[in-house]
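Next come two complexes, and both contain chain A; in the first it sits with chain B, in the second with chain C.
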Partner chain A sequence: MTVTWRLGLFAISLAVLVPALWHVAMALPAFGAPTEMYGAAVNAIIPAARHITNMVAAVNFDVRGFDTLGEECILVAAVTGTCVLLRGARGEDLTAEAGHLPDRPHVERSDAVVLVCRIGATVLLLFGVYMALHGTATPGGGFQGGVIAASSLMLIYLGEGYSPWRHVMHSWFLGALEGGGAFIFVAAAAIPLMLGYAVLQNILPYGQPKDLFAGGLMVVANFAVGLSVAGSFGQLMLEFMEETRSPEDDPIPDEED
Partner chain B sequence: MSLLIAAALCLVAVSGFLVVRSRDPNRQVFALAANGLVLSVLFFVLQAPDVGLSELAVNTVLTPLMFLVTLAAAAMNEARR
Partner chain C sequence: MSVFPWLVAAWLLGIGLYGIITSRHYVHLIGCLSVLQSGTYVLLLGIGYKWGAGPPIFYDHPAGTPAVDPIVQALVLTDIVVGAAVTALLLVIALQVHKRRGSLDPQELRPLRPDN
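Take a look at the complex of A and B:
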């Protein structure tokens, strides 16, 4: 296909698509116009009915809590599949050195980087736990808190280097976080069912609005998701990082060694 | 407020264009991370902090990291041959 042909095709599709796009764009509601009845209904009903202030958490863990349970299972299944796929060919051995490109020099980390990473990782981990716990009161929640906690693990890698990082990242621990969080969430859904209520129906007291533990079962489910997401993403990073390490039986030619 | 939204939208357009324009995969990963950062700012400005936080954590930290690690693994495989 020559350039002239491509330009011709481009002109034809432009001539068709631009009027269509213009037509659709003009028919859209005005920018920021509140048209969603669902959102208005949630805002009107939930604060009094569930005693919490973050409507997104209320929708995710109460109104359509069963969907979130399914999403959680999808995440666990996806991470498990990645582990099976990557680890199957590689095993779980520990090595002292990460793999590295032969022409890339080894640069020592400066003390400033190590210090900033140590402080940052601590603060970030605490912030992740805070966010997972306060999901019903302020923006954020289990997923966001879990991902933030998992990214603090990467700051440890950035500050300490591969070998110390690899020795604190235990796959069994991350797996236990992942599976344990998912188990708590499933239990939070199943226990009301066994007591004769609906799935994830709130059987705990709602508490005071704007309080840390307002929301009853939603706080439990939120924190369970936080644990599971932190474990899942930690596990995923570990598996990806392990793909770069140099296996003993197949060493990379390296001039420095 | 609408000025902030317009500024954020312009930044999203510029950073998205730069992601497409950068040809070196390593640079593109960082452009993608910057695009995620700008997008999360846009979500905050549009009063969707929950989405903004997810965007920030996933698209500026985790996705670029996985791309970087994958690129490094590919480069090491190349060097091994």
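Take a look at the complex of A and C:
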């Protein structure tokens, strides 16, 4: 099917889609005046009931915690799929060099770049950990903090280049972070179940409002998600950077398919 | 005026879809899929927005202050993270297709047959 044909089909479907979308858009509540009660109820009840101040974290790890468990599993499954597809016959060889186009000049990094990247990576990693740990009190949380912490690994790559970076990045460590975080989350969901409560029911003491460790089980789940997201994104970066190695040491496996 | 955010969401969906239809490269197609997906972010955040309300975080201001809907914000948050991971998975599949077939043009990639 050529692009012209597909565009023709798209035009026909638009003839149906546009009136339908317009109808739905006009029927939605006016912008800025939400009518649904769910979010309002969370804002009204949770600060006193759970002793935490960040309602988004409360929704993620308490009100809709089971939902987040599912999202966490999607994340782990997607990263596992990435690793399975990319690794193939590549192995864990540490001697490989980064791929290099022969006609492109090879410019060494200046010391200033290395220094800025080292300082920046440290600060970014600390900021990610801070963001993840304070998730139940102030804006932030495990998801955001994990991504920030993982992106500090990219700064290390920018500063050091492929080979030194590859020597400090250990796939088993990132995998342990990822799987360990997911395991802690599942345990936080399953232990209340085994004790005769509902899944993810908050059985720990809530603590004082505005405290770093207020929120009981939410703190554990938030921490677990932070570990898992940092490990997952670090693992993704590692897998993709492995693809930039010199092509000759990366043969495509001959499969009988 | 109040219908404008929904139209932005619909527009993002539309141009994402248009990009996927006319795409000549799988990496471009995956980017278009992300554009399409961001339409849902606009829609969700728009549904939860409330005029004159603050963030749903009661650290600096006491509980009970008007705040926007935290449910949709939590949905968008997890959506972004999972979307990034799924985008990575799609890019890996594109990479494997390129290794095996030498092309990423959806037009050139006929259905997989055992002989090629």
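We take it that the second predicted complex is superposed on the first by the 211 of 257 C-alpha atoms of A that agree within 3 Å, B and C clash if a C-alpha of one lies under 4 Å from a C-alpha of the other, contacts with A are read in each partner's own complex, and residues count from 1 in each chain.
Throughout what follows, a residue touches a chain if its C-beta (ideal position, glycine included) is under 8 Å from a C-beta of that chain, and two chains touch if they have at least 3 such contacts.
Fair warning: this is a prediction, and the values are worked out from it, not measured in the lab.
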Partner chain(s) touched by A:Thr244 [first = chain B, second = chain C, both, neither]: first
Touched partner set for A:Val219, first chain B, second chain C, both or neither: neither
Touching partner for A:Ala33 - first (chain B), second (chain C), both, neither: second
First (chain B), second (chain C), both or neither touched by A:Pro102: first
Partner chain(s) touched by A:Gly141 [first = chain B, second = chain C, both, neither]: both
Which superposed partner A:Leu69 touches (first chain B, second chain C, both, neither): neither
First (chain B), second (chain C), both or neither touched by A:Ser232: second
Which of chain B and chain C A:Ile156 touches, first, second, both or neither: neither
Comparison of chain B and chain C by chain A residues contacted: C
Partner chain(s) touched by A:Val56 [first = chain B, second = chain C, both, neither]: both
Set intersection of chain A contacts, chain C complex versus chain B complex: 54, 56, 139, 141, 143-144, 147, 233, 236, 240, 243, 252
Partner chain A, residues of chain B touching it in the complex: 49-50, 53-54, 57-58, 61-62, 65-66, 69-70, 72-73, 75-76, 79-80
Complex contacts: residues of chain A adjacent to chain B: 54, 56, 99-103, 131, 139-141, 143-144, 147-148, 150-151, 154, 233, 236-237, 240-241, 243-244, 246, 250, 252-253
For the chain A and chain C complex, residues of the former touching the latter: 2-3, 6-7, 10, 14, 21, 24-26, 28-34, 36, 38-40, 42-44, 47-48, 53-56, 58-60, 63-64, 67-68, 71, 74-75, 78-79, 81-82, 85-86, 137-139, 141, 143-144, 147, 210, 229, 232-233, 236, 239-240, 243, 252, 257
Touch list for chain C against partner chain A, complex: 1-7, 10, 14, 17-18, 21-22, 46-51, 55-59, 63-64, 67-74, 77-78, 80-82, 84-86, 88-89, 91-93, 95-96, 99-100, 107, 114
